[in-house]
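Once you scroll down, you'll see the structures, which are given as structure tokens.
Consider the two complexes below, in which subunit A is the common component and subunit B and subunit C are the respective partners.
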Partner chain A sequence: MVDYIKSFDIDFIKQHIPQYVDAAWLTLRIAFIGIALSLIIGLFCSLILHFKVPVIRHIVKGYIELSRNTPLLVQLFFLYFGLPKIGILLDSEHCAYIGLSFLGGSYMAESFRSGIEAIGKIQTESALSLGLSRFQVMLYIVLPQAFSVSLPSLCANVIFLIKETSVFSVVALADLMYVAKDLIGLYYNTDEALLMLVIAYIIILLPISIIAGILEKRLRHG
Partner chain B sequence: MDNMGLGIIFEGNNLLRLLGGLWITIKISFISVFVSIFLGIILGMIMTVNSRIIRVITKIYLEFMRITPQLVLLFVIYFGATKVFGIDIDGQTSAFIVFILWGTAEMGDLVRGAILSIPKHQFESGTALALKKHQVYLYIIIPQTIRRLIPQAINLTTRMIKTTSLIVMIGVVEVLKVGQQIIEANRYTAPDAALWIYGVIFFLYFIVCYPISKAATILEKKWASN
Partner chain C sequence: MDNNILLKIDEITKFFGEHKVLNKASLTVEKGEIVVVLGPSGCGKSTLLRCINGLEDIQGGSISLDGNVITQKDTRWTEIRQKIGMVFQSYDLFPHMTVLQNILLAPLRVQHRKKQDIKEDALKLLERVGLLDKKASYPSELSGGQRQRVAIVRALIMNPEIMLFDEVTAALDPEMVHEVLDVMLDLAKAGMTMVIVTHEMQFAKAIADKIVFMDNGEIVEISKPDIFFNNPQTERSQRFLNKFNYTEKR
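Presenting the complex of A and B:
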């Protein structure tokens, strides 16, 4: 094992760190935009489900089932290789945003929905009897409480979505996975490339996972 | 003919080949889920043991498995392990290794959560009724744990099936790879095959996963009410 660790090419690692850093920023940027979009989609979808808006409600339900029951990789293949055949050309970055928010939206919607459901009816009724409008009840009473209830599952979704970004290398996006594959193909330094890949993901995700853990504990006490 | 549309699916035995590919995906995920549930129950019980060392070790294992993307794990096993240990692992075997390692971690955490969610008074009431320790577990704790666990385990199965789509990246010939082969083979006769093939694969996954996740929701609702 010691011999194996000694066999690591430190210079190679040093030389290629900047590439990984760039790729990590790209991964983070896509994840950030994708997650922000998913939160918006998720919130809207959960509100539509909550208020039982006719017709649209069924579309939202269909969307949630469709996106939760298909893998992101297949969604991406369809977007990137399938759609151009009917004239819809998307570049890889837009594919990534659309894919991630299509997938994330439904997960976020489910989290918000369970949060809203967890808030007792008595809260809504009390607020209504105080003369607040339905909109105000949602905005000032239900949503803030629902948000803190669903925070742990929202955090879990964030981690899940950042992990899912690793498949974007298939649509030729130069993310962490892509850089690692590239280096393996170019120099055959498989061990070093994979080690840096794992470390890069740990650096990105470990803090988020720890924060999520702390939030969850706090909420349980609160 | 330069535009065959959906017809390409039904030409020759293309549909059968796609289904054959899907079967490989399903086979890998079901075997992995089965083994993971078994190992996960053991891991989950170990995690509730009151020992600092065991807690730290299992926590590290769990965190590592959770925060590393499955695709990265697949690469580490498929390309990395081969080099480190000098052994030759084929794509399917590395898929089994990764999905069992990952599934065990996820399942272990679910089991731990389910056991901890049983209120303490259940243990105490059982003991107060003069039940022996193994009777308390057998008649009171385990039935309640299983009720909480089964819907989540079913959900894990769908996640496993969806994640198994990644094995195309380490060279396993499964539904996506078969799809690509069909598209490449018909590049000139059916240029728009990609749209239809990937569309069909999309719905194949949906058809497989939807009933499973529906079952999980129904069980969850049914058992939550009583």
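Presenting the complex of A and C:
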């Protein structure tokens, strides 16, 4: 074991850290934008389902089923290799944004929906009987409570989506996974490249897990 | 027409699916009058209240408030409901807001009143129900009786013309029932128009100007309390009172 660790090429690691740092920033940027879009899409979809908006809710249901039951890899292939056939050309980064928010939107929608459903009817009725409009009831009464109910599953989605970004190397995006695969291909330093990959993901995800845990505790009252 | 009539329920009918829960129920409530609705569970008393502020739609008949029919397709319920305060059986305070935030929400967001003015009103009302020290508490820190008193204040601050109480003490521990009923008695003295659904017979007798007895979706009897409790006019109300062991022998 000790010999194995000693066999690691420290200079190689030092030399390639900057590549990992760049890739980590790219991964984070894609994750941030993709997750922000996912949250917006998810909230919209859950509201459409909750208010049973005619016609549109069936489209939303179809989207959620499609998005949850196809692998992200397949969705990305469709965006990156399929769409150009009908004249829509997307670069890798835009593919990543769209792919991640397409996938994340449905997961966030389900989280929000379960949160909204957990809020008792009596809350809505007592707010309505005070003269609040349906929109105000949603905004001031249901969503704030639904949000704290949904928070654990929203956080789980965030971590899941960040991990999913590792798939984007297939559309030639220079994210963490891509850099590791690239280094392995160029130098055969498989152990060092993978070790750095694991460490990079832990550095990104561990703080997020911890922050999520703290948020959950703070938002829970009553 | 009598100008004193505030609420007029005219032969309303309500179905839940096939089941008829209200059958041509009619009732008038005058300004300042206190009407107590009694009847066995499932007789439609709660539904009757919920129809008044539009939480349930009706399939026949009409309801008017201040002489205006409020059961039309284009009724603007957000305006009507400001005139109708309602307190429910289960604790319905908003758990993510403090007592004061609960009370101020509707006056701020619905009536767009100045925060400073309504805050003063809110504190006065809280003092009146003995909960001034709880203004910064969250509902989870209050007892059931305290929550219901806050719920009453939350409805009162809108300056409603009429208050509806839907079995507000039914879910309370017995020792807390009084503190809520006292607040209602206090309101009655102040001249508030109220429609109260309750199972508290003593209270009904003490507070009511008019007892409405319902059974099976129908209004069976409307009497003054002393007549209703001492000399019920129908066989069905007689049977109901017997069950409660409340027909008093003279």
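Assume the second predicted complex is superposed on the first by the 212 of 222 C-alpha atoms of A that agree within 3 Å, B and C clash if a C-alpha of one lies under 4 Å from a C-alpha of the other, contacts with A are read in each partner's own complex, and residues count from 1 in each chain.
Criterion: a residue touches a chain if its C-beta (ideal position, glycine included) is under 8 Å from a C-beta of that chain, and two chains touch if they have at least 3 such contacts.
Computed from a predicted structure; not experimentally measured.
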Which superposed partner A:Ala174 touches (first subunit B, second subunit C, both, neither): neither
First (subunit B), second (subunit C), both or neither touched by A:Gln123: second
Which of subunit B and subunit C A:Ser209 touches, first, second, both or neither: first
Larger contact residue set on subunit A - subunit B or subunit C: B
Subunit B versus subunit C as contact partner of A:Ala24, first or second or both or neither: neither
First (subunit B), second (subunit C), both or neither touched by A:Thr190: first
Touched partner set for A:Ser148, first subunit B, second subunit C, both or neither: second
First (subunit B), second (subunit C), both or neither touched by A:Pro71: first
Touching residues (chain side subunit C, partner subunit A) in the complex: 53, 55, 77-79, 81-82, 84-86, 88, 90, 92-96, 105-106, 109-111, 138-140, 151, 154-155, 158
Subunit A to subunit C touching residues, read off their complex: 122-123, 125-133, 136, 140-141, 144-145, 148, 221-222
Subunit B partner contacts - residues on subunit A that touch it in the complex: 4, 65-66, 68-75, 77-78, 81-86, 159, 163-167, 170, 177, 180-181, 184, 190-191, 194, 197-198, 201-202, 205-206, 209
Residue numbers on subunit B that touch subunit A, as the complex places them: 63-64, 66-72, 75-76, 79-80, 83-84, 158, 162-163, 165-166, 168-169, 176, 179, 183, 191-199, 201-202, 205-206, 209-210, 213
